[in-house]
């Protein structure tokens, strides 16, 4: 066994890799032949095995076998999951390739998509192979000049919508909305320097110092907010425990679990 | 070309950043082709970058180099397992992809015991707090009163909010109804705090972009082009004219981005 | 004047006014930082300051360009503190673009403060978002989990990362994040190996962290860019013109502007209600 899994080199290595792929393909062919009635139990069993690993790793006292092999398990999981990258690329290529082929409205945007994809990917690979080439500054331009700016600007758009939403939706309709609005205002003012300067005329050591905005907002965060968040966290904790168990034991229902196989 | 890129990379980067910023903000006025073009450029760049990085920082050093460079041939099976995801495109054998998805879901679900133990058990411990401690009592009656009031308020808020989330049975009794209603009121304080913090977070992102325009791009432009200081007042006048025009016209509805 | 109109101001006017409001402090760039320093920021400072010199801080980067305005100032101020105190640290990114961004922050500070890569700090590159499993695995065997750094250089060739064997060598975890990774660190690394954690969430996530600060599971917190500006005061940069300080003052103006808008909207709402009643 030890000799079998020992590192191989040269032609022998490639033969072993080819052999592994052939065996793997054979196993997949075998899976394709699985009768329909056995498919769901097989998936449930594999899901159970996956969950069992971490359950045992937790339940068995520290320094157990499962903890020791964790680095290998994680490595394998990362590598296998990285193969999913091509699913996203395949879908995007399909959508944009179709748009160009059929000359759909805005097809030139799809051309821009392909150009951007190949430009940054090739610049990245070339800069790794030849760091002194023009690919290095080109990669910088594409990353910092375009990608970074586009992503951060797109995210910052939400600021405009939150202003619009606060202005239009925060109305004094009932006592609860008033309470929420006042709390939000105190937090917004108390956390920023100009806001806390508004009540800085109240002496810091006086009896009324608790009315200073920074102290009031901090009190809200530390006591009422903390208690509310903890109550919500307990709900989330129990809910995720139940959900975890349902997934582990394949008891969960929904499109993924109920679909005909 | 390559010489030009190498020599002018910082300037090109600066201008590209400004161009992208204006392109994205143009959607705030109305839907336009300029915005859509840069949206696709972003999509292409993000996908291309993910592809490059996943290969060069994960797949190559952890899989390819180990398998081909160090000769650990058994890693070839990772490709077999990875290929199982692609069975989702086959109508007949799509269930094979569920096998590998199931394994990953099981691995995630299996961590729930540890998560509950490490995250929520200490939370339970911290919840069971005495009304007062010896240290607090030693500080005097006023400090003790404030402390006790704080602890009592904490318990009232905690239990009333928890009672609001009791969906397992119908909330019939007077006591539970009152507690649930109080919980709903306290939840508003929590949501108010979250909203206040959210406004702060979102504004910071916007300020970040403006900080770039004001403190990185504009000074560079002003240094390179002395006539920029004459153009700036024109831009400000254009902005004011924009406000006046907007006052006269009906607002143009734009597609709002999904919020997190 | 028809007060009813106050609840229907054209949104483009709101946007332009918002831009004008926030841009003024950015032009001025005040050096003054917030006067108040919240307890959680002070505790974060103390925890990092008291980390034993023979241990290494682990800086976890979950942010990318989307939240760069909040998380980069946090990263910068924390790395600066670590460098100033000669505390060694390693950085790992869970976000693809965040990998290069965090590397650039470290590199810029390294050059400014005359530090040495591989000896004073090291960037471990990028890992896909399996925080739970990777953190647990690195607690057991660090070297097996991280063989190369950001530049694909073997860790064994650098003095700092070569000496990290397991969780025993890590003195603190600093999680700079726009998402809920704090719980994962608590469950899989900080809890089992008893390592303190300082969390640096975006302001959006900060309200949810208070129960964990109260229970002592989290040692300290930098609440968005405001937390970063408070931290700058603690490391002696309270009178330096920084991005965090300018942002704090811009935020002040923006918040007051939004509150005024809410008040105006409600005046319009009340006026419209009264008119309808009549």
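Observations on the model:
Per-chain numbering from 1; labels A, B and C assigned in written order.
Following the convention adopted for this analysis, a contact is a pair of C-beta atoms (placed from the backbone, for glycine too) under 8 Å apart; a residue touches a chain by one contact, two chains touch by 3 or more.
Not measured: the values here are computed from a predicted model.
By count of C-beta pairs in contact, A-B exceeds the other of the chain pairs B-C and A-B. Farthest chain from chain C (centres taken as the mean of C-alpha atoms): A.
Chain centres defined as mean CA positions place B nearest to the mean of all protein CA atoms. Centroids of chain A and chain C (each the mean of its C-alpha atoms) stand 18 Å apart.
Separation between the centroids of chain B and chain C, computed from CA atoms only, is 13 Å.
Annotation: 10 Å between the Cα-based centres of chain A and chain B.
Counting partner chains per residue, chain B has residues 28, 46, 49-50, 53-54, 56, 58, 62, 107-108, 111, 114-115, 117, 119, 123, 190, 193, 197-200, 202-203, 205-206, 208-209, 260 touching two or more of them. Chain A has residues 75, 77-78, 81-82, 128, 143, 147-149, 151-152, 154-156, 159-160, 166, 181, 185, 188, 191-192, 221, 225-226, 229-230, 233 in contact with two or more other chains. Residue numbers of chain C whose C-beta contacts span two or more other chains: 11, 15, 18, 66-69, 97, 127-128, 133, 152, 192, 203, 207-208, 211, 214, 223, 226, 251, 255, 258.
Chain C makes touch with chain B in their complex at residues 10-13, 15-16, 18-19, 22-23, 26-27, 29, 66-70, 96-97, 99, 125-128, 132-133, 147-148, 150, 152, 183-184, 186-188, 191-192, 202-208, 211-212, 214-217, 223-226, 243, 246-247, 250-251, 254-255, 258. On the side of chain B, the complex with chain C involves touching residues 28-29, 46, 49-50, 53-54, 56-58, 61-62, 107-108, 111, 114-115, 117-119, 122-123, 125-126, 190, 193-194, 197-211, 214-215, 239, 242-243, 246-247, 251, 260. Taken in their complex, chain A has these residues touching chain C: 62, 67-68, 70-75, 77-78, 81-82, 128, 143, 147-149, 151-152, 154-156, 159-160, 163-164, 166-168, 170-172, 181, 185, 188-189, 191-196, 200, 214, 218, 221-222, 225-226, 229-230, 233. Looking at the complex, you find that chain C touches chain A at residues 7, 9, 11, 14-15, 18, 32-36, 38, 64-69, 97, 100-101, 127-128, 130, 133-134, 136-138, 140-141, 144-145, 152, 192, 203, 207-208, 210-211, 214, 223, 226, 248-249, 251-253, 255-256, 258-259, 261-262, 264-266, 269-270.
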